[in-house]
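These are the structures, in structure tokens.
First chain A sits with chain B, and in the next complex the same chain sits with chain C.
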Partner chain A sequence: MGNENRIINGLLKLHIVLCLLFIFAPIAGSFVFSLNSDRFPSLPLGTFSTDWYRAIWEDPLVWQGFGNTLIVGLTVAVIATLLGFGGAYTDFRYNFTGKSIYVALALLPPTIPVVIMGLAMLAFLSRINLSGTTISVIIAHGVMCAPFAMAIIRLRLSQMDPDLEAASWNMGGNQWQTLRYVIIPFAKPAIFAALFITMAVSFDEFAVAWFVSGLNETLPVKILGFLQGQVSPRINAIGSLAFLSSMTLIILAQLLLRSPEDQKK
Partner chain B sequence: MKVDTQMEVQSEAIVRFDNVVKRFGSFVAVKKADFEIGRGEFLAIMGSSGCGKTTTLRMLAGLEDPSEGAIYLDGEKVNGKATWDRDTPMVWQSLALFPFLTVQENVEFALKMRGVGKEERRRRAEKWLEKMQITEFASRNINQLSGGQKQRVALARALVTEPKILLLDEPLSALDAHLKVRMQAVLSNLQKDLGITFVYVTHSMSEAFSMADRVVIMSRGQIEQIGTPEEIYREPYNRFVAEFLGSANIFDGTVAGPSGADGWRVTFDGGETVLPKAELPDASAGQAVTFIVSAENMQLSRPDAGQDGIAATIAGEEFIGGTAMLFLETDTGQELKVQKSHDELALLNRQAGAKLVVHWAAEHCHILPGENK
Partner chain C sequence: MTKRPTFFSLILSLPLLIWQLTFFLFPLLFLVAISFWTVRNFQMTPDLNFGNWERVLSRGVFWDAYLRTFILATAAAAITSAIAFPASYAISFKMSEKAKRWMIFILIIPFFTSYLVRVYSLQVFLSDAGIINAAFAYIGLGPFSMLNNAFGVIVGMVTLTLPLVILLQTFSLNFVNRDLIEAAHNLRCGRLRTVFAVIAPSAKVGLVIAALFSFILSFGDFVSPLYLGGGNPPTLSIMITDFTKSGQQWPRAAVVAIMMIATLLTTAFAAITYAYKERGK
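Entry: the complex of A and B
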């Protein structure tokens, strides 16, 4: 195209590069220092070392936190995706008065400030004697993650020809069969994407977990504990691993959510 | 005697709509539909969009429930019976093929829902794939097929349960003109081979008239006329049908008195004609009468030929294959349509604005019964 302005183009590219740099430089820095032998993150770098990784590998506290995170993440992914699917399918399938309120309420939790969410969860869960358990973290994360799952699955269902469902009924499939053989297969990529993303959100979530986890701390809460005690390059090692696992989940989700046209390539 | 004939009709009919009304809120989509569909009949329901034709079909399929009246399918009242408990497969306008299944799996779907075993399913699906000449695509994905191939998959998928009735909702609307004509032939032959009932919803007159045994014409929820294509074409019931067909000239006239032994003299705005008594047995002078003359039965003469008729000015011309439709305007402002072969038209001066005389034989005047009650 002849009418592109080179200066504007260049500035836009620079803008993107700066944005990415701003986001990834600290993470990359943390990754570099996690492989540095020095005790404090300072330049020039010391020698290459995997000591910090060995240190966290041998630390039972890290394993405990990781174990809690994993249990919570997997359970939350399943529960939140089930809830999200239910919410999304209700929105797709039914028309009722107050539906827009229903959808808005269902998608509300991520917009609530996490501190308020955490306090509210703590107050509520302690009243029903569930505070300080792994289950309490699962409940709190389930509430926070379900809207993500719902949004993803809802988007997928909105791309579905409504005739598909009616066609299945018309060919002898009752409502359960249609759900099983038409709706779920159609939404399958989004369902898997929702599993990965909700797991990633739960992995990374700190504030609410901090309020409700009690002694069953998840990894992010543990990390805060480490930071309060002593600044150790082990944090860099844990951070790098957490970043890699989250990114893996997000990338898997994105691959699943590609449009069918892209997938053919 | 009367009871006998009624019983005969009932056993003949596979579908009966008994004063069926369908409302969506305050909107009446179908008003008092009351008709029967014969066993093995190819019935087309035709009308413009929003006329209630698709709603009528969906009620038969069980996707909508009538607000009033009853629908009988094979002698059984099916109001409230879920669509999955009926065997009324539909071919959808959007085709609604399952994009996540292969061609073969799409065709097997209805059998799978009915709990037919794997082997049996495959055998029966293969038979229909073969019948629809799409065996070679069996393992393909739906989005790898052309429009015509998808159409065949949709048909195979709907027919795999060997139903007594097949419902088609504008299945050809997405195809180009050439493919449309070919699929019309496929559908026509299929219906004759299988001997099952086809109910075909369309807004296209050419589709309805070329395939159907009988045509139902609907407008704004109302059934305007039911008849064979020939009946409807020759004797449209009312003004709506005549206008919908598009090829008839409609005249609002007044009976002036008898004309000979077997006709009425009728005057209308801008002219006068004779209406055969066969069309209107009883009439009195001053009675209003609405009649039509079909465009291909209109004759044209030069103004200097001395022919009695209506003077009209040429307003335009439309090319229709081997013929052309000439649009003229009378001195009183009525539009007339005359359909003639190109050879015939070549003999006339037909520049826009040229004057001609339009006339017709009395036997080509037909009254519109629905307008003369």
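Entry: the complex of A and C
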């Protein structure tokens, strides 16, 4: 690449910076607005204030929503990761007729628009009298999160030397022992990453939860309610806290996924 | 290797299959079924009635919304792809491996922020008395109307899909054979021409699929049209929420949903056929 052109490279860099600015301005804005006294922030910004955080701290409905979010998120993470692990191992280990259908069925849910998922779930769950319960949110989020868990764990399994399993069998380990002592330890970082990422996905999902949750609203559904009501910077305060918790989960997942490679080096 | 499945393999593979069949495929099929049901006194009764289909499909409001949604999503996909491409190109071809990994990490972050919160924040940026118009006012311009119109909706959709499109484009550009570019340069192919005649065609599948994802997400999004577009006139996804939340017209909502899925499948099929066309030749 001898003929590097400085002007073009500079413009490309500028373009990336603008893209990132566009992507992150709303996120950064929400942080700034959450610490701003104005109900409707504009330039020049108002004074520094933690009123919105106090408002959500003192709102029992927010706490209730937070509780629901936490219960749903933790349960969904465990269910989705277990399902995803099974699916990932099946895809890794076995060949069978209809496998592509199996994989497609497992991975398709994120491509269906959330309104349609929400409607389908609502219609189905209310038919079996589960609509409006926390369980219904868990079921719906399980469907939406399992593909992510499966993809993450599958990726890790594909880095595994297939001879490892054979070696374990040769040394007399049965399938269960191989799973327990070879595969799970190898996939462990990905399993934890899947737990954290599915939890983060569930924490932020509002549309399907809005359809099926009834009165057991999760926090994102509460935010949707705030949005429909009057302008309220409480959204920014909740959003900032949610962002920080999601980011903590993602960074933990990232560290877990990266560490084995770094150890190798 | 066609043996009888072992107990072990079934324990691992079946839970996911059963879960997705029961809670994903079945609800979607059930949606098709209820589109033929009737609603009396706010109660759905099983039926084989084409009335919902007739009522929805014969109304101009539905087709207006359909066209609007389709155009908005197409525009969003085109604009997002156009904005993303130079960025993906720069990430893939101009950055070190380490910088690339950082960019990918940074671009994943938005997936884990609440889209609702971002849209609310965008309202503050875009409104008539908002941040951007205040900034314009300093230099004596505006105010520009950027909220409750198509511009607002597109901004929201681009916000939603840009990170994903950049990531997908970058991955596909990473697979472009670097020797091809070297060869093009040796043959005195200009920079821009190399991009359009060599790089874009060899990354075509990835570029088309990135645009397709942008289309799918934008087509189904109800938050941008509602909170940045004002919700009136409605898009298809707003129609679904309206039919469902007020009036209990689930069968009609189901009709709209099936039309949406049919459109998405057709578009996806067309896009993928286009993406793989002429490659084997």
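Convention: the second predicted complex is superposed on the first by the 255 of 265 C-alpha atoms of A that agree within 3 Å, B and C clash if a C-alpha of one lies under 4 Å from a C-alpha of the other, contacts with A are read in each partner's own complex, and residues count from 1 in each chain.
The criterion applied here is as follows: a residue touches a chain if its C-beta (ideal position, glycine included) is under 8 Å from a C-beta of that chain, and two chains touch if they have at least 3 such contacts.
Remember, it's a predicted structure, so these values are computed and weren't measured experimentally.
*Asks:* Between chain B (first) and chain C (second), which, if any, makes contact with A:S168: first, second, both or neither?
*Replies:* In the superposition, A:S168 contacts chain B only.
*Asks:* Look at A:I223 in the shared chain and tell me whether it touches chain B only, chain C only, both, or neither; answer first, second, both or neither.
*Replies:* After superposing on A, A:I223 lies in contact with chain C but is clear of chain B.
*Asks:* More chain A residues touched by chain B or by chain C?
*Replies:* C
*Asks:* With both complexes overlaid on chain A, does A:L61 touch chain B (first), chain C (second), both or neither?
*Replies:* neither
*Asks:* Give one of first, second, both or neither to describe whether A:Q177 is in contact with chain B, with chain C, with both, or with none.
*Replies:* The first partner, chain B, only.
*Asks:* For A:L21, is the partner it touches chain B (first), chain C (second), both, or none of the two (neither)?
*Replies:* neither
*Asks:* Which partner does A:L244 reach: the first (chain B), the second (chain C), both, or neither?
*Replies:* A:L244: touches no partner chain.
*Asks:* So, does A:P185 touch the first partner chain B, the second partner chain C, both, or neither?
*Replies:* It touches chain B, and chain C stays clear.
*Asks:* Do any residues of chain A touch both chain B and chain C, and if so, which are they?
*Replies:* Comparing the two interfaces on chain A, one with chain B and one with chain C, no residues are shared.
*Asks:* With touch defined as at the start, can you tell me which chain A residues reach chain B in the complex?
*Replies:* Where chain A meets chain B, its residues are 161, 163-164, 166-174, 177, 181-182, 185-186, 188, 260.
*Asks:* Within their complex, state which residues of chain B touch chain A.
*Replies:* Residue list for chain B touching chain A: 61-63, 82-84, 87-90, 92-94, 96, 98-101, 109-110, 112-114, 143, 157-158, 161.
*Asks:* In their shared complex, at which residues does chain C touch chain A?
*Replies:* For this pair, the touching residues of chain C are 1-2, 5-6, 8-9, 11-17, 19-21, 23-28, 30-31, 34, 83-84, 86-87, 89-91, 94, 103, 105-110, 112-122, 124-125, 127, 129-131, 134-135, 138, 158-159, 162-163, 166, 185, 191, 216-217, 219-223, 227, 237, 240-241, 244, 250, 253-254, 257, 260-261, 264.
*Asks:* Please name which positions on chain A make contact with chain C in the complex.
*Replies:* Residue positions touching the partner: 1-3, 5, 8-9, 12-13, 15-16, 19-20, 22-27, 29-30, 33, 40-44, 82-87, 89-90, 93-96, 102, 105-106, 108-109, 111-116, 118-125, 127, 139-140, 142-143, 146, 150, 175-176, 179, 200-201, 204, 206-207, 211, 220, 223-224, 227, 235-236, 238-239, 242-243, 246-247, 249-250, 254.
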